[in-house]
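After this come two complexes, each holding chain A, first together with chain B and then together with chain C.
Up next is the complex of A and B:
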């Protein structure tokens, strides 16, 4: 995709596009605020069980109703925003440390190191990441830590591949040679100059991956492999609310489900723009 | 050509060997004694079971020998015994696989027809509101995790409207189709975006060729141009992408079968992990990985058959 400077786009197209991005970014801002200020905002503690008000619909007492054990859904969704947002950040942080290190190493050293890293990422590519994480969970047991680390390992090859491709073209630039001529060591050039110059591009790529990371974590929590009760993780809430659907109470599953979908949609909208702005390749 | 196929098949076996070794050796990464782990944890441990596990997995021998014997047994469909169900794992898989296969096949039909159709429509009406609607709608659908989409479908069409059953996989062909419609739609929705986007792009690229302009100038009806001159040349990437998405769906059944209470291999895997039934989990993972790798390889091998130009590029000699 050729980058057209924003000023050259037809006016209508530009404003419509940025309007969508603004709405999505604003929504994400609200979600982050909700997560930060969950304690004062939530009308109830997220784990306050009240069996006398089980599966209540929307009303003044419970704006979004309650689940089967009478927990207030609004409160749980607000608190759930915390785990649901922080976990993908940790996942991507872990994956990008691994991925950027491997990708830079492969691009810088070339030769057999490059071949080894590329073959290893190819093998990881050869089967779906979800299956790899499921294997890890089968071995180490369910839990949020296992899920985050496992998915981090599954995401790392993608980031390594991306880093390798951008690092290869960055390495060919004259300033790298200039540092070399001055006698600077390879490790120092990479850490001090090469990787910092790639940071923008990689950050844009990570924003695009965020939605996928959130979806994968929510799926694991839904399957019972990730967050464990009494957490208010959105994926786990969907699982807990699912049995109420047959009783005609849709809110316990649909409220957290909508939250997941809305945040992922917003991140994907913002991510595409961010990737363009930060000059990430796609 | 022959060497290309040979190289691809060698790659297939290497990948399968690596993947199966990882799945096998994962036992040794588990904390504690592998025999106890394979027997389903400390709380269900009996001396008889421990002895059975040691014999089944040849745990007294070196790792490579164990792996070789395990692989040999797997190839002979001797996948061990499930501790949860007490059955042969191979029988469990055999009983459950048809449901998963039917689900994946149904979802594939749906996303191929709808995704390619939407992509063609978007390409033909490029720049118009239909194009924007297809791109926007499918992108939105891809942003909804399949389990959330599945639950929304259950809530709407299963419970509120009562059009489709909420759980189970049904009897006979009509019953199966009826039961599997919602799960198949839920799986297909996520795939529509990528398929329609690839179709649209391939159609646009193929439509830019000179011979299309010539065909148009010589007065051939637009419908025929799209069908015979544009779509025919765009088929390569479309079919490749359809194959890749289908392969990925095997893993996608893990979530969807759980949502809809279908007893296929996806829900078998989830159940096996939750009840620490590692032999079953191993077998399902091995089956899913094998299916994925084989399908992607087949797609790779079929590609040049559909598009003779590729073969010419690949073997210049």
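Up next is the complex of A and C:
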């Protein structure tokens, strides 16, 4: 029996954990590069239909095979990275503007304003986000813009709740009191000093939410509410590839499905780490 | 100093019958301060001493306008500081009140905005008050508190505790206040740094004529920097008068107790504990 040298175990654990983070971050970097350089990288245009090579398996012509319309899956998945990454960014940007504003207002004003905002976000919270978005889509029609804005509204309460909690503890710090004693108005303190000091921890939280946002958008596209053909959105691709499974071709659903899963997992791995690091200042 | 001229004969700061109660989570109330009255002449210096929980910090916060008193008034140059309803003040009014009283907080580790360098910290205050020649003023303020160009570029986490408290004092002075309230301003610092900061404050008082309200649990600190002393216990004033007199011939048992609690040569902690028990007994009787 060999004794474990004291202190080695935690170090090993730590390096293993950060190795996982490094791999995940590296993978995400590759995905971003793929999205940016999709045109030179993709062997075919994403919407090039070639019915003569429908549902072809992997081969030199089509590294990841083709779908039912003979569209090259590798090309589509590369182009799809664009919508799949940009849409969650827009969604979270919209949700953060709303959520941070509401959360800060609640924390700063306290009293009935806080009660009102908190109860309103609780109600939104209790309502399943996707159901809420489907309702909005029923009113305003399907499409990526509606999905992004609708999901943005659904995500805002989560961000508001988080912002409220971090703003409450930040607001209690004497440097905020010092600004009040200086005669600075509440709005200016919040916008110029309180929120900028929360930016790091909110950013960490947003990275965690990114995977969820991507997933929800893909779900909407899969259900036919989000991206519309001929978009090569991953969620839409899974839906289009679904029927091919019956015909024995797994790749049309598997390729975009794997892309979604891999990116979401990578974001969660990086997100937890980022939240740890950004949440605690220096 | 700003242009407010004191009314003839009236003190610069007049505190009358100040009271503040807080609602406790359990449902009861805590009277943090009750019937607090004292005055401060222009350029004067008053100490508010007492143990933790005596309500002295609450008084400081009421003076600075961070807490609203339930009763009583705080008057500076004949102007009631709490006359307007909260949130209804104009910008002009807020800035004018800021020039009456500024505050230095206990813990310089959290009383400075972590994002701003020392220079930016002062710039924010000076710009807010529409000060002309901001950059010159920043230099002279930093110089006044013994900080140099190197510190001007540093963020709070790059400064030592003493340097941070110097910056906090400079920030308060940037507004050109008539009165500086120091809430345990040296309590978080090493003893040797305490002495430097106290000396700095005494010098600033001499130069600018700013009046000081020095809140502290430390009688030795108060002794060096104040003319008058107010002794607080459980939210009320038990004794007040010239600092020399209060420290040399204390009239109230609690003041005597505080004095015996200060460590010195031949100091016997067990005697303090005994004295405390006696005081508690006498009170119960």
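Criterion: the second predicted complex is superposed on the first by the 270 of 282 C-alpha atoms of A that agree within 3 Å, B and C clash if a C-alpha of one lies under 4 Å from a C-alpha of the other, contacts with A are read in each partner's own complex, and residues count from 1 in each chain.
To be clear about the criterion, contacts are C-beta pairs under 8 Å (C-beta built on N, C-alpha and C of every residue); 3 or more make two chains touch, one makes a residue touch a chain.
In this text, all values refer to a predicted model and were calculated from it rather than measured experimentally.
Student: Let's test your reading of the overlay: on chain A, do chain B and chain C clash or fit side by side?
Tutor: After superposition on chain A, which the two structures share, chain B sits beside chain C with no clash.
Student: With both structures fitted on chain A, tell me whether chain B or chain C touches more of chain A's residues.
Tutor: Counting residues of chain A touched by each partner, the higher count goes to B.
Student: Let me test your reading of the model: by the given contact rule, A:224 touches which partner, first (chain B), second (chain C), both or neither?
Tutor: first
Student: Considering only touches as defined above, state whether A:261 meets chain B (first), chain C (second), both or neither.
Tutor: First partner only.
Student: Counting only touches as set out at the top, which of chain B and chain C does A:180 meet: first, second, both, neither?
Tutor: Only chain C is touched by A:180; chain B is not.
Student: Once chain A of both complexes is superposed, is A:111 in touch with chain B (first), chain C (second), both, or neither?
Tutor: It touches nothing on chain B or chain C.
Student: Taking CA centres, what is the chain B/chain A/chain C angle in steps of 10 degrees?
Tutor: Rounded to the nearest ten degrees, it is 100.
Student: Quick one: minimum Cα-Cα distance, chain B versus chain C, in the superposed arrangement, integer Å.
Tutor: It is 11 Å, taken between the nearest C-alpha atoms.
Student: Which stretch or stretches of chain A touch chain C in the complex?
Tutor: 173-175, 177-186, 193, 196-197, 281-282
Student: Would you tell me which residues of chain A are touching chain B in their complex?
Tutor: Listed in rising order, the residues of chain A that touch chain B are 123, 126-128, 130-131, 134-140, 142, 211, 215, 218-219, 222-225, 235, 238, 242, 245-246, 248, 250, 253-254, 257-258, 260-261, 264-265, 268.
Student: Would you tell me which residues of chain C are touching chain A in their complex?
Tutor: 64-66, 87, 91, 94-99, 101-103, 105-107, 110-115, 124-125, 128-129, 157, 168, 171, 175
Student: Given the complex with chain A, which residues does chain B contribute to the contact?
Tutor: 15, 18-19, 22-23, 26-27, 29-31, 139-140, 143-148, 151-152, 154-155, 158-160, 166, 248, 250-252, 254-255, 258-259, 269-270, 272-274, 278, 281-282, 285, 288-289, 292-293, 296
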